[in-house]
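What follows is a short report on a single structure.
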């Protein structure tokens, strides 16, 4: 019995290394296959919503989706088994997304029409951001990240300013244009202001009175000008960042996912996991 | 009698500290409640313009608006009482906005339909810009402000150039396109030019003759190119600002709102108010 | 007789100083009045094209336009008289514009409908760019000018690249979309490409086939990305310019408009005009 | 016989210098004529797609196109003859384009309607990029190129991020908006997201539900903000590049087009061609 337990323990460790690690061959292969499966599953869900395609290949789509759901289920179970604190994973952001990605298919057995909720599967694409930790991109994404983080304070002040301006301009346009030309309510007016200020300009709502067009012109020139502000902020920070040294962060502990441990630690100070950095 | 007067004087001082100060607990609480009330009042006015919502909840909306108008009225009276030079406040920009925010509701008793003017209440949102003086944002907004101020001269020259180009291009397009394709007058043509030059592009007016489309293409590429100019200006100033030291400005005197006093002054040189900086 | 001639000569010199100079009070006043008249004349032409306005106030508009045409005619004659080489002025860019600004009204006496050509009067607005030589703006416009000039080479390379891409993408989209969805010819397709690449996006032509939308998505992301290039160019030059010293250029000779004379010259080497810089 | 061979050899070398070189007068003339012919051929193809123009001048267009096709054919043959490794040229990118540019006209003799494929001729415009190697532009395009290359890593990370966001936002909008308002499938939804995020904003699809408009507002502000990122990247690199020295690259070997040879090589290490750099 203890032998069986230790065998199970060894299997768990192996699974852990394969799933969370990227240093072994099996670990890299696992990441690659997962990447492919996520892309395929998102492609399938996308194609299911294209009516003509769905009519032709419905049975193939359903078949493939069941296979992917099966594989994702196995992955989900392994993730729970291999980690020391399964509950922490299950209640984490990625844990919930992983569950939501497989749930709709099983529910579709009992309830009609829930398979459309498989759309949430596209959230699994967020996992793809982990690729950016790949050595080839690490430096680039770190520099980007650092510049964006440093700009955060100024960007918030800027967006705060933009939002308030948006409400004020929206209210004025509602009074000026009236309900005939699409400015049916202040929220609709604010929507128009954002569409205009960001230079998107759908044209679904557009001012028709001369005064409205005059104010709109002012809003456009304002929007055209203040785009300089976030750009200026990020650029200045980016230029600064490129002179700085970038320190590459540590891998999170595969036992408990903490990154809070000393540089040369042999054991995780949080969960006691042994680091095999050698 | 003098006792009553001094009592009133003490009350006034307290009110002054609560309303204008941010260093006491009561002062911060007042700011927070005011912030919430302004947001709520703007939300109510917004929702009143959404027809379906208004039909369902009209009585609730009116009830809440009267409460908020009441509270704003009390605030307005306290602001007048607590300051040494009430007339200066009443004729100031914020003073007029504060009055305009409460007036429409009272007028709506006597006249029909004026309650829609409560829309001006959204101007009170400008008060929210004061939050940017909060220590957490001070440095950020100062740097932003400084960079924008330093860019002002160049930006004015740039906008002057853009406006004149706009009139000239608008006149040319009016001649080229004629009245069939929406270019009904030179002002409409100028409106189209601004819509195009700023890359908003509603599409409510768009050129139809080959020559018009050719000129439009030129205008678009021009607009696409010259957006580099304001961005360049602000970015260059931003980069410069970030190297400079930022001096945090003094709080305005709560007696007369001046900021024009020496660093270590104990009394306001303008109105004689005692500074309790300790 | 010689007295009369010298009197005329003195009058000419005075006129020259008033019209071309900005250092005397009369010269500044002349510039200000000219500025006002140009703006007024452009406003009148603009308003004449607004049908409702024109129907109501037609006679007033015509009356005012004749007055302005008269004043511009007097100005034109004085410009010719006061300068030493009138032919040079008359064949210069501004000289032709000044003539075109008054001609249409006179022609409208003999021919119907030529008064609409008064629209060219808006070209006189170009004179307003001279204001940017005003001391208050000189430094700002010089820095802007210098940065834009320094960027010119790179901007040309960039626009060259954009134009060729535009033709290639336009040709591909014509093949892909066919004539049903607005891509009726390659020039129309190129027009669409420019509208999309510059992020203007009117929506008068938009792709309808899946492949067309896919290519369009690619074009949009390309356009969204390459806007970084001109911005990067101008910003980098702007940052460089701000470190450099800006040398304020000399006033052009009022005799012959040349700027090509030595720093301390007492006489213009081109036309012999005496400089009264003291 | 050997004399004939050597005569042919000398002719081949001359052709090589004229076609690939730019240092001789004949070489520059050849480039200029080629440039003109390419522009003319593209113009002809463009005009053939404009229905009215084609109806009027069809025979002229066809005549001119046959002449150009003839000239291009001669050029193609000379290119094959003059180079040492003709197969390498014929299978190269430019070689295939050069063939594709002449093939459709010949095919149109046997098959109807293939002449429209002459559109691929516009790909020959890519040859025009070679002009950027002209000494006048070399420094400018090198600096641009260097800055863009240095930004590549960060730009890829950024586009990767944008694409994934696009899929996620597109899926959400599909669920929120439903099929009534143009969001007929997830791919269509993603197309809308790209149109909005890049601030193009055609307006062919636009959200109609309040929640959809709210999310759209968020997407617009996001798009408005993240345009700062590529701009920041390129600008920072551009500013850095302008301080660096730019090393002008070597001309490719005219025997085999390699650029991989030592600075002072007298013979091409790849094909043994003699360099006449003196």
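Here the chain labels run A, B, C and D in written order, and each chain numbers its own residues starting at 1.
Everything below uses one rule, namely that contacts are C-beta pairs under 8 Å (C-beta built on N, C-alpha and C of every residue); 3 or more make two chains touch, one makes a residue touch a chain.
Bear in mind that the values here come from a model prediction, so they are computed numbers and not experimental data.
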Cα rotation angle, chain C onto chain D, in degrees to the nearest 5, is 90
Once you count every C-beta pair in contact for both, which comes out on top, B-C or B-D?
B-C
Relative to chain D, the most remote chain by C-alpha centroid is chain B
Could you check if the interface between copies chain A and chain B is built from the same residues on both sides, meaning over half shared, or from different ones?
different
Report the inter-centroid distance (CA atoms only) between chain A and chain B in whole Å.
34
Rounded Å distance between chain B and chain C, as computed from the means of their C-alpha atoms
34
Centre distance in Å when chain B and chain D are each reduced to the mean of their C-alpha atoms
48
Of all residues in chain C, which are in touch with two or more distinct other chains?
187, 190, 199-203, 227, 231, 233, 235, 237, 239
Of all residues in chain B, those that touch chain D in their complex:
199-203, 231, 235
Any idea which chain C residues touch chain B in the complex?
42, 45-46, 49-51, 116, 119-120, 122-123, 125-126, 128-129, 131-132, 136-137, 139-141, 143-144, 147-148, 155, 159, 162, 187-188, 190-191, 194-195, 197-204, 227, 230-231, 233-235, 237-239, 241-242
Chain A partner contacts - residues on chain D that touch it in the complex
153-154, 156-158, 160-161, 164, 167-168, 171, 174-175, 184-187, 190, 196, 199-203, 206, 210, 213, 216-217, 220-221, 223-225, 227-229, 231-233, 235-236, 239-240
